Amino acid sequence: MLVVMEKGTSEEKIQAAVNAIEKRGYTARPIPGGDRVSIGILHNKGSVDATHFLGLDGVKEVIPVTKPYKLVSREFKQENTHIKVGDAVFGNGSFPVVAGPCAVESEEQVMSIAKSIKEAGAKLFRGGAFKPRTSPYSFQGLGKQGLKFLAKVREETGLPVVTEVMDVENFDLVEEYADVVQIGTRNMQNFSLLRRAGKSKRPVILKRGMSAMLQEWLMAAEYIMEEGNSNVILCERGVRTFVRHSRNTLDLSVVPAVKKESHLPIIVDPSHAAGVRDQVIPLAYASAALGADGVMIEVHNHPEDALSDGAQSLYPHQFFAAMEKMNAIHAIVGK
Amino acid sequence: MLVVMEKGTSEEKIQAAVNAIEKRGYTARPIPGGDRVSIGILHNKGSVDATHFLGLDGVKEVIPVTKPYKLVSREFKQENTHIKVGDAVFGNGSFPVVAGPCAVESEEQVMSIAKSIKEAGAKLFRGGAFKPRTSPYSFQGLGKQGLKFLAKVREETGLPVVTEVMDVENFDLVEEYADVVQIGTRNMQNFSLLRRAGKSKRPVILKRGMSAMLQEWLMAAEYIMEEGNSNVILCERGVRTFVRHSRNTLDLSVVPAVKKESHLPIIVDPSHAAGVRDQVIPLAYASAALGADGVMIEVHNHPEDALSDGAQSLYPHQFFAAMEKMNAIHAIVGK
Amino acid sequence: MLVVMEKGTSEEKIQAAVNAIEKRGYTARPIPGGDRVSIGILHNKGSVDATHFLGLDGVKEVIPVTKPYKLVSREFKQENTHIKVGDAVFGNGSFPVVAGPCAVESEEQVMSIAKSIKEAGAKLFRGGAFKPRTSPYSFQGLGKQGLKFLAKVREETGLPVVTEVMDVENFDLVEEYADVVQIGTRNMQNFSLLRRAGKSKRPVILKRGMSAMLQEWLMAAEYIMEEGNSNVILCERGVRTFVRHSRNTLDLSVVPAVKKESHLPIIVDPSHAAGVRDQVIPLAYASAALGADGVMIEVHNHPEDALSDGAQSLYPHQFFAAMEKMNAIHAIVGK
Amino acid sequence: MLVVMEKGTSEEKIQAAVNAIEKRGYTARPIPGGDRVSIGILHNKGSVDATHFLGLDGVKEVIPVTKPYKLVSREFKQENTHIKVGDAVFGNGSFPVVAGPCAVESEEQVMSIAKSIKEAGAKLFRGGAFKPRTSPYSFQGLGKQGLKFLAKVREETGLPVVTEVMDVENFDLVEEYADVVQIGTRNMQNFSLLRRAGKSKRPVILKRGMSAMLQEWLMAAEYIMEEGNSNVILCERGVRTFVRHSRNTLDLSVVPAVKKESHLPIIVDPSHAAGVRDQVIPLAYASAALGADGVMIEVHNHPEDALSDGAQSLYPHQFFAAMEKMNAIHAIVGK
C-alpha cells in the first residue's frame, strides 16, 4: 500500500502518518518524490485496509498495491486447478458444456431435455429447483420435488446435475441431490452461504455478482476456499450496465483477466446475460473462442411454454447446431 | 403489457401471438398502428412476465406497463406509512437521525459514542455486531457480545438500537436485542432472509442493493410486506457506477422517485456512499434538503483507530455541527 | 408511443391528455385496461418526443414504441449494406481485418508495420495522424505529415488507409489522404462533424460513444446517412462500466443487436476496449466467432517504444498467429 | 507512478524495467517489499503515461500517483477562482442561479420567461439557439435568430445570457452575442472546441461528459486554461448509470470532490439530470445544501407546449417558490 501525502505536507504530519502505520503493526517507508512524499507500507501479510489511513491528516490518497486474496491467486498456486465432475473436467483446457432448462417444471420436461442435450454432447445437466425470483408472486421452483426429478435425470442419463442453492437452510438437502452446487449472482456476497459451501464436498459454481468487481468475486471464492473447499468454478453471467439491448452486459474480458490472477476455472453463461435467444448463440461461440473453460446454456423443449426465461432458452435443434460449432471453434483455440 | 410486432407481420403470426397470450389466461387486444400492430395485454392481475412472449415469432419487443409491486405501491395505499421507533417517527415529515459507529468494538466505545450522538440530537443508535466483509480475513464483528453491548446502550441512554442481520440462522438472536433490524446492500435479494424479516415484529431497514433498480428494491420490500411485516424503511446508500472519486454514487433522485411510487419511508446513508468524511457532511445536508425521511450517519469517537470504515466516520464534534445545520435545513423544506 | 395514466385518473384529465396529443398533430386512442387507461399515439411519422407528454397532469409514464431511426433501420432496408474498400468488403459475410499502430510516428514505423500486417493478411492499414488525447500535454499526432506517411503506405503496399478526423476544420485535409475516415468515440455525438461526414464520399467508421446506447449510436449514423453518405461502418470499442480489470468493457452483445436493428456492417476494436495485450487476442477471437463484419487491431513493431497505447499493441508475430486463428474461426461461423 | 513487478521476478527483468523507465527520461527507484519489488518513478514533471510500462515483461500493474492536471489543480492555486458575470460571482461563496428555457423558441417566449426569472432573483438567463439533438429530425434551434432574441433579453432585462456553442464554425457568432459560452456534455472531449474556447474572452460553462471521470473533466478544463482562458465554470448535469427512474444520475458527490482537487467553481444542473419536474426541485435544494457555487434550472412559461424538454421545465410559480427555499438553505450552509 502506498500512502500519498499532500504536496508540502509538514514533517510532523508525515511522522504522524508513519506512527499510525506502525501502530497497526506494519513497516512504513517514506519515499520522497519530486513534489511530495509517499509512504510505502511494507512487510504486510495479506492486504491492508485502505480506510485505516485515508482519513489521516495530510493524507491525499491511499493506493492499494498487494491484492487481498491468497488461496485463489495464481501467485499462490501456479498450475490451473482441474475440477472433475462425471466425464467432464473444468480447467484442463477442455470445453465442457452444461445445459438444461432454467427451472425444473416436471419429470417429462427434464427427461426430454436431458436426453436431447446429452445426445448433443453436453456433459452436465442444469435445472433450478429453488428459484430466486425478483417477485414473490413469480414461480419459485418445485423445491424438493424438483431435486428428485434431477436425481432421476442422473439415474437415467448418467449426466451429473447442477442446481442452485439459495440458503443455508436448504444446503444439506440440495447437496444430497446435486453433483455440483450453484451459488447465484444475488448471493455472491451472502457470506454465510459461502462459508457453508466451503464445508461442502461438492464442487461449487460461483456466479459473478451483478455488479461485482473482479477482486470482490475472487474474494467470494476465497471465502469458500478458506473453509476447505477448493473446487470452485467461477461463472461469468453478465454485469449490470447502462445498456438496454441485452438484459446484462456479458463481460468477456473477465475471462483472460481471471486466468491471469487465479488458477480457478472460469465458465460463461451467455443465456442470463443476453436474455434473448438471438444473442445467446453468438455469445456462446464467442465464449468458446475466448478460451473459457466451458459454458452453461439454457435449453428448453418448449420455450414458448416455459415457466421462466423462455425467451432466452434455445430450442433443442438450435443447441445441436451450436454444439457442433462451439466444438469446432474450441478445437482451433484450445490446446 | 404491450407486445409490439414487427413491421408487416402476417395475420397468422399476429393470431398466433394472441393465442399464446390467451393461453396464459390474459385478454389480448390487437391495436393496429400506422406501421405495425401492437397487442395490449389487459385484465391481468399484477404484472406479466415479459419473457413469456419475447421469443414468439414476429414479436419485436415486449413493453411492460403495469408495475409488478402491489403492497408497497402508493396506488395500493395513498397515505405515507409512519413507522414509530422510540421517540422517532419515520415517514411523518420529521427528520430522525440514526448515528453510531460502523462496528461495535467495545463497551466503552459504544457508550461513549452513544452519549455524544444523543446529546447532539440523534434518535437511534446504530452499530454492527455481525459485519459483512468482502474479505474473510477482515474483522467480522463481535457477534453476540456486540449485541449485548448494544442492549446496554439502550438501557443507559434510552436510544433504540439498529443493527444488521446477515442470515436466517442469527435472525432470532439479532431480533431479541435490536429495536430495528437492518438488511444490508449485499442481502437485498437474499429472498430467504427477506421472508424471515417479513415474519419479524421489528421494523426493518432495507438497504438498496449496490446495483438495484428502483423496481427491484421495491420488490424486495414487497417480499417482506407479503409475509406480514409492513414496517419497512428503505435506505439509499449509493450505487455502483464508473465513478471513482467516491466509493459509490449516492443516487439522491431515488428519494423523490420512491415517494412517488411508494408509501414507505426512505432515509439516506451518506457515509457508505461517500467513503470519505469530506463528502459525508455535504451529502447529509443534501439529504435533509431533498426531503428524505431521515439519515443514517457513521460517527466514531476515535476514527483513526476504528476497526472498520474509519475514513468515513465523523468525529463527534463534526456530527454536532452537522446536526444543527441538518435540522435548520429540514425546518425550511419540511412541512 | 403509449401514454400511461395514473390509476383512477378522471375523465377530464384523460380528455386533456388526448387533446394535448392531438394538438401536436397525432392521433390519440385511449385503451381502457383493468386498472387504468393508457392512450396510444398512432399514425405518427417517425418517433414521438416523450418529454412532450411526460409532465401532463395525470400522466404516470410515457413508453416509446416506434424507434426514432429510419435510414439505418433494417425495416427500412432489408439486405445488408456492403461497403467495398480496396480488396475488402464490409458487410457481405467476409471478415476483413484493419490493423496498424495507434499513432503514426515516422515513415519507417508505418512502413515496417504495414508490410507486416499485409503479409499477415490484413486488408486495411490504420494509423492516427490527429490524436484525441485526454491531456493537452500528451503527444497529439504528426498532423499533415502523418497523413503523408499514410499516403506512402498506400502507394507502396496497396493497402487502403484508415485515419481519424477530429474536427470539421481538418476534414477536407483528412479526406484527401484517407480511404476511410474514422470518427472517434468522443465525437460520436459531435453533430457538426457527423453532418460533414455525411457530405463526404469516403466510407466512415463510426465508433460507438463510450456510454452510448444502441439507439443513440444508430441515430448518430442516421445523421451521416441523412446527409447522403450511406457508407457507414459501425465499430464497437468498449463502453464505460464500473469494471476495472479492462480499460473499457467490450459489449459484444451489441453485434447481434445491431444486426437485428440495422443493415449497416459492424466491426469490433478489441484493442481500445482491453487496453492490455493479454486480453486483445482472446477478444479478437471472440469477435470473429460472434459474426462481426471485421476487426480493427493495433499492431506496433516496437510496442515498448510506442508514443501511445503501447501496452495494448500486438507484436507483429502475435498478430500473425492471431490472423490465422481468426480466419479459421470465421470459416466455421461465417457463411 | 508505481510499477509493480510480479512476485519472484528475476533481477534481470527488474533491471530491464528500470532501464525502460530511464530511457523515457525518468528516475527509477526500486522498492523491495515483502513479496515483490515495486519501482517508483520519481522526478517526473506532470503525470506519466501508464501504457508505456504496462506491457513490459514481469510488470504486473502500473499505478498512477501524480495527477495529470496542473493549471486547474488546487495544489497549483490554493484560493478559489471567482468569476464575475454581471451581478453574479461564481466561486465566492454566493449562490447565483441561471435560469431559462431549454431552447429559444420566440421573442415573446424568452422575454416572458426572462422577466419571471429575474423577478424571482435569477442572475443569468439561459436559452439554446443551437441545440445538440440525438435525432436529426428533432428541432435544432433557431440559430442566429435565437441569438438575437437573447441579445434583446439582455437589453431589456439587464440579465447576462448563457448559450451553448456546438462547434468551432459558429464560435465567433455565439461569442458575439453571449455573455457566457456553454460547452455541452457531448462536446466535453471535443478538443478542437475546447482549444477555441481557451482563446475566448468569455467565461465558459463546461458541462461534465455523460460518462466522464473527475480526472477527465478536469483535463478538459485544463485544455481551456492552457490556451489562456481561466474563467471556467464546471457544471455537473448527471452521469449515465444503470438507473432508469431518472434520465441521468446526478452525482452530487462530485461537488466536494471537485472543490478538493480544483480551485474552479462548480455549479449543478438538476434539470437535465432528472428529466422530470418532480425531481428537479428537490435536487435543486440538495445542490444548494451541498455547497455548490450555483445552479442552472430550466423554466418555461408554457412547459406543455415547449419544443424540447418540457417535462423537466418548471412553471414560473414553481421557480419562484424554489428560489426562496434555495436562498434560505444557502444562507444556512454558506459562509
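Every chain is named by a letter (A, B, C and D) in the order it is written, and numbering of its residues begins at 1.
Heads up, the rule we're going with is that a contact is a pair of C-beta atoms (placed from the backbone, for glycine too) under 8 Å apart; a residue touches a chain by one contact, two chains touch by 3 or more.
As the structure is a computational prediction, the values presented were derived from the model and not from experiment.
K.L.:
Report the chain whose CA-based centre is farthest from the CA-based centre of chain D.
P.N.:
The most remote chain is A.
K.L.:
Answer with same or different: of all residue numbers used at the interface between chain A and chain D, are over half used by both copies?
P.N.:
Same-residue interface.
K.L.:
Roughly how far is chain A from chain D, going centre to centre by Cα mean, in whole Å?
P.N.:
38
K.L.:
Using CA atom averages as chain centres, what separation in Å is found between chain C and chain D?
P.N.:
Their C-alpha centroids are separated by 26 Å.
K.L.:
Taking each chain's centre as its mean C-alpha position, how far apart are chain A and chain C in Å?
P.N.:
30
K.L.:
Multi-chain contacts only, two chains or more: what residues does chain D have there?
P.N.:
Counting only residues that touch two or more other chains, chain D contributes 211, 240-242.
K.L.:
Enumerate the contact residues on chain A facing chain B in the complex.
P.N.:
20, 46-47, 49-56, 68-69, 132-138, 166-169, 186-187, 189-193, 210-211, 216, 219, 222-223, 226, 240, 275-277, 303-304, 306, 308-313
K.L.:
Using the touch definition up top, name the residues of chain A that touch chain C in the complex.
P.N.:
Interface residues on the chain A side: 211, 213-214, 239, 241-246, 249-257, 260, 273-274, 278-279, 282-283, 285-291, 325, 328-329, 332-333.
K.L.:
Which residues of chain D touch chain A in the complex?
P.N.:
Residues in contact with chain A: 2, 4, 6-7, 29, 31, 33-35, 38, 40, 42-45, 61, 63, 65-66, 75, 240-242.
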